[in-house]
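The first chain written gets the first letter, and so on, giving A, B, C and D; residue counts start at 1 in each chain.
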Amino acid sequence: MNIRTDLAMEAYEFLTETADEIAGIEVKEEQINDTKITRVEVETKDAAEKLGKPVGNYVTVEIEDVSIMDSGKMEELCRLLAKEIKALGNIKEDSSVMVIGLGNRNITPDALGPEVISCLMVTRHMLRYMPEQMPEGIRSVCAISPGVLGITGIETEEIVRGVTEKIKPDLVICIDALAARSIKRISRTIQLCDVGIAPGAGVGNKRRALNGETLGVPVIAIGVPTVIDAATITSDSLLAVTDSLKKSAKQGGEFYKMLSDINEDEQLSLIKEALYMSNNNFIVTPKDVDMMIEKAAKIVANGINFALHENISLEDIEMYVG
Amino acid sequence: MNIRTDLAMEAYEFLTETADEIAGIEVKEEQINDTKITRVEVETKDAAEKLGKPVGNYVTVEIEDVSIMDSGKMEELCRLLAKEIKALGNIKEDSSVMVIGLGNRNITPDALGPEVISCLMVTRHMLRYMPEQMPEGIRSVCAISPGVLGITGIETEEIVRGVTEKIKPDLVICIDALAARSIKRISRTIQLCDVGIAPGAGVGNKRRALNGETLGVPVIAIGVPTVIDAATITSDSLLAVTDSLKKSAKQGGEFYKMLSDINEDEQLSLIKEALYMSNNNFIVTPKDVDMMIEKAAKIVANGINFALHENISLEDIEMYVG
Amino acid sequence: MNIRTDLAMEAYEFLTETADEIAGIEVKEEQINDTKITRVEVETKDAAEKLGKPVGNYVTVEIEDVSIMDSGKMEELCRLLAKEIKALGNIKEDSSVMVIGLGNRNITPDALGPEVISCLMVTRHMLRYMPEQMPEGIRSVCAISPGVLGITGIETEEIVRGVTEKIKPDLVICIDALAARSIKRISRTIQLCDVGIAPGAGVGNKRRALNGETLGVPVIAIGVPTVIDAATITSDSLLAVTDSLKKSAKQGGEFYKMLSDINEDEQLSLIKEALYMSNNNFIVTPKDVDMMIEKAAKIVANGINFALHENISLEDIEMYVG
Amino acid sequence: MNIRTDLAMEAYEFLTETADEIAGIEVKEEQINDTKITRVEVETKDAAEKLGKPVGNYVTVEIEDVSIMDSGKMEELCRLLAKEIKALGNIKEDSSVMVIGLGNRNITPDALGPEVISCLMVTRHMLRYMPEQMPEGIRSVCAISPGVLGITGIETEEIVRGVTEKIKPDLVICIDALAARSIKRISRTIQLCDVGIAPGAGVGNKRRALNGETLGVPVIAIGVPTVIDAATITSDSLLAVTDSLKKSAKQGGEFYKMLSDINEDEQLSLIKEALYMSNNNFIVTPKDVDMMIEKAAKIVANGINFALHENISLEDIEMYVG
């Protein structure tokens, strides 16, 4: 069964559609004003396999649509993100951090990572070359956008590992655009986790993991869903309709039986064929994805800026980043 | 019944799924190597109403996927387009032409029009200020990208009408990104027609028509499908599956009856609700839409360049356009 | 004598280097915190000819370098600009305004006009189609970026005139990137005037005037210097050095005489030859001109937004413009 | 004495203005149709110090203005570049190569490096994952754009060294935008050398060397001049004028003496003060630098493509790069 989502929370929702509870998965919810935080803890290998996500902590922040958020609410959200980042990344007073902007800057819905990098308060060079001019509370932050395999010819993991070994940061934060299963997640969800980036995740193709094991330092990942696979969405719409038909059919009748017999995987391949989707290259995305990416990148970047530098304001960031 | 496509050919296919032939609509097909040309002539008001497209001529050129087309085939295709443009626009030796690049340059799948403008051999000013330096066979061509209502606050039709009255060209050619119904049309179809741009067509919102009546000069339109409405595609996938189920159900049985009872419009609203698509702002598009738009724009622009300037080569255009 | 500047104030400074005062030109200065406002009134045709600028009012606002301005000062400056725009444009409660973004969006230092348009609160369509939803104090604003002659084949003035005749606004505001004579003006000066755009002004080539006479409605222009002609700057540096040499030379000596004999025009052609500048296509500009244009565009746009809409905040604009 | 040029050839011309020949520097010229090739070999440390360039080989290719070059001449030039790259880089049948695109993609005249990367035929991943599908003669090529210190917080040299150690290519090719001294070099010169990138070179700030010593593999560098420092150009124009004045002055007279006494460094600081150039942030560049960079990038990239892959055509590259 292929649930085709990068969100642990969606994968969990899918699992629990038919089961009440999954052993080894702890879920807690918290509401702060308009924002809902769901913490999914995957505790056992067994649970991880069921969920299709590695053992670890996943924090999902559900927000208003970013494209209609005012700047007051945006700052509030960034401060909240900062708190989660600090906790998840175990940020200490003298932690040095390297941020990795994953994805292809030339494919708009995949450009979240590189966009975030361009909004960061990068300080490592200044702390090195003019430490006396830097105020207290500024941590050492550096950042790269390694590009994607199709353009560099190099696995992202090889580039990041090479640079990490030279820089030796205390923490790596990976940023990536995610694929969701449901349209209601697009531009309304931010996922943070402490398991890094799993193989095959994201909009583009990244084969090898970026995590504590491969990089030798703790890795947290922050992602925002920007697309849904076109085949997934049509398959889900089918489910929605057959479910609604089932409700009105006589239990035990021929119709109910046939509907129940419809195998999801058969459906998907049928749809793919019907829609000429053999190359898997079609996505569902908001019409104004360019603007959505820009706003989401600013929110994620400022969450990181607030988390890594103490006592700074949005104005300080604006002056610094330009 | 809402067929949600800008392609006359798709609308015709949809109509003839249940009927054999439509009175007042003439269809002719022609195959030239890998390229298939379908000419749909809508002859009567009655047929126009059925089809949802104005009376006039629609030429659909079906091609290989532009993203894998080599430059030899591309030139061949541009020469073929030029021939169709010349015929449809009734281009004479001394015709002067104004090209309108419709759409929003900041929303990638809507940017076809502005992109085409930037690849055109625009000559009107040179023929005016240095006619002796221009070779024979170069016609007067000018071009504007009027922007979209949300950014200008002005109906596209008002801007185009204002400029047309000043310039008084013999022909207006409108370029626009189109919405199709089927994924197989995306980046594989070019539609030319002599009815201009009908109200509500295109990816963005354009309320008023650009045609011979509103502009006072003949108008042809050239479009390439770049997106499918997300609700449309899911609705179509449902149809595909229910059709396949119907085939295996007993005629006259409960199941067959229920499937036949499923009303397409009900389905669509059900899906929209299920998928949180109430705002209609989600589209299906290729992941690499940026590159697709760039290639499609070059093909359309060179079709126009070859149609409006005699004896020029791709090299001449490259030197001129830069 | 060619002073090669779009700034009336620089032209005036140049004139008064050798003369004390020019009949028919009134100059007043005002200091508001860090901002200096110079008002130049050209009262007679004679003075206009001497200055090389049409009869009218020129307001020059000299500011801190925009690239290091914090957001508090930026809002203050925008409010000040708004006041000047309202006065110069004689904005009434029910004035409708069309803003024209001149320049080529593909040549960074010439892209100020199109950039300003993309930051404007455009309202004309909303006041037309949903007047009841618009708050009080919102005036009708529309906007176009007509492109440049080399890309459209149409004189900017023809496009603007065509659209103006359709829209019939009460006032036209033209935005353009300017050429200055001195580096100290770049990104530190904003010029407003009520004479429109004179022929040949700006970075690009615009042959015909946009003013009350050609458009039939009052026209004000707002510009920011973004470049200096490379030949101008070298010529000016020569003057600076020869002036300093003159000071140390014996009056009446051979050296003094020769220095005095150096004709500015001869120098210029000598330099152009020496520097292979025959094509006049080299400019002096800040290395970070992309960022400078972005900031300057935001300042000018918000000055216009504050001038044309009552009781709005920067937050309102941000929500509206996105 | 600061000659402020990244071109060894300009540095050499400057040295030989006053001296006939420099010991330890060998210069050979070759003319191939419209293209002039100058080979400067710096043989001794002594000569290197005089020239301000490391010991090694510098090949300067002088061409027609790239902005008016037709595609036939462009291919010819790329083939010629390929030959020089093969010789300088000692390319063997099985050499693997990593290309580094230096510079800031957001500052147009500094974006040559990243632009070249986007036009390269990158093959390393395909040779790894589907070797059987690759034709003969295709070498392993990978590429990165490491960004600049101000954006990453990491010295370019640290990033490149980290990745080089992981990838272990046989050769590194660095691409960079250069600063020239004379306007006639801009967009008409390509410099290749086998000394890598020296500290402080380029438009941006790169403090540490990328060469055989720091990277542990041979490094060649390819650069195109895109800017001139604004202070340099004004200083040079002064020299041009004073030289011309000297010629007409009486030898031994007061004037001649004073002219001869003008110290170049004094002039430069005088000019910088006079022109408010204290921050060194003004550059001289062609107005259409965006287009110039695009064309130069394509030429350099195709030179590399032809050098590293045998028996390929421009069409093959176009199909591959897209």
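To be clear about the criterion, contacts are C-beta pairs under 8 Å (C-beta built on N, C-alpha and C of every residue); 3 or more make two chains touch, one makes a residue touch a chain.
The model shown is predicted, which means the values in this text are computed figures rather than measured ones.
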{"item": "Set of chains adjacent to chain A and to chain D", "value": "B, C"}
{"item": "Rounded Å distance between chain A and chain C, as computed from the means of their C-alpha atoms", "value": "45"}
{"item": "Chain A and chain B, separation of their C-alpha mean positions in angstrom", "value": "36"}
{"item": "Chain B and chain C: spacing of chain centres that average the CA atoms, whole Å", "value": "40"}
{"item": "Where chain B touches two or more other chains at once, by residue number", "value": "106, 291"}
{"item": "Topology of the chain contact graph, where touching chains are joined (line, ring, star, complete, other)", "value": "complete"}
{"item": "Interface residues, chain D side, partner chain B - complex", "value": "67-68, 70-72, 291, 315, 318-319, 322"}
{"item": "Of all residues in chain B, those that touch chain C in their complex", "value": "106, 117-118, 122-126, 140-147, 149-155, 158-159, 161-167"}
{"item": "Chain C-touching residues of chain D, taken from the complex the two chains share", "value": "106-110, 182-184, 186, 203, 227, 230, 233-238, 240-241, 244-245, 249, 253-255, 258, 262, 267, 270-271, 274-277, 281-291"}
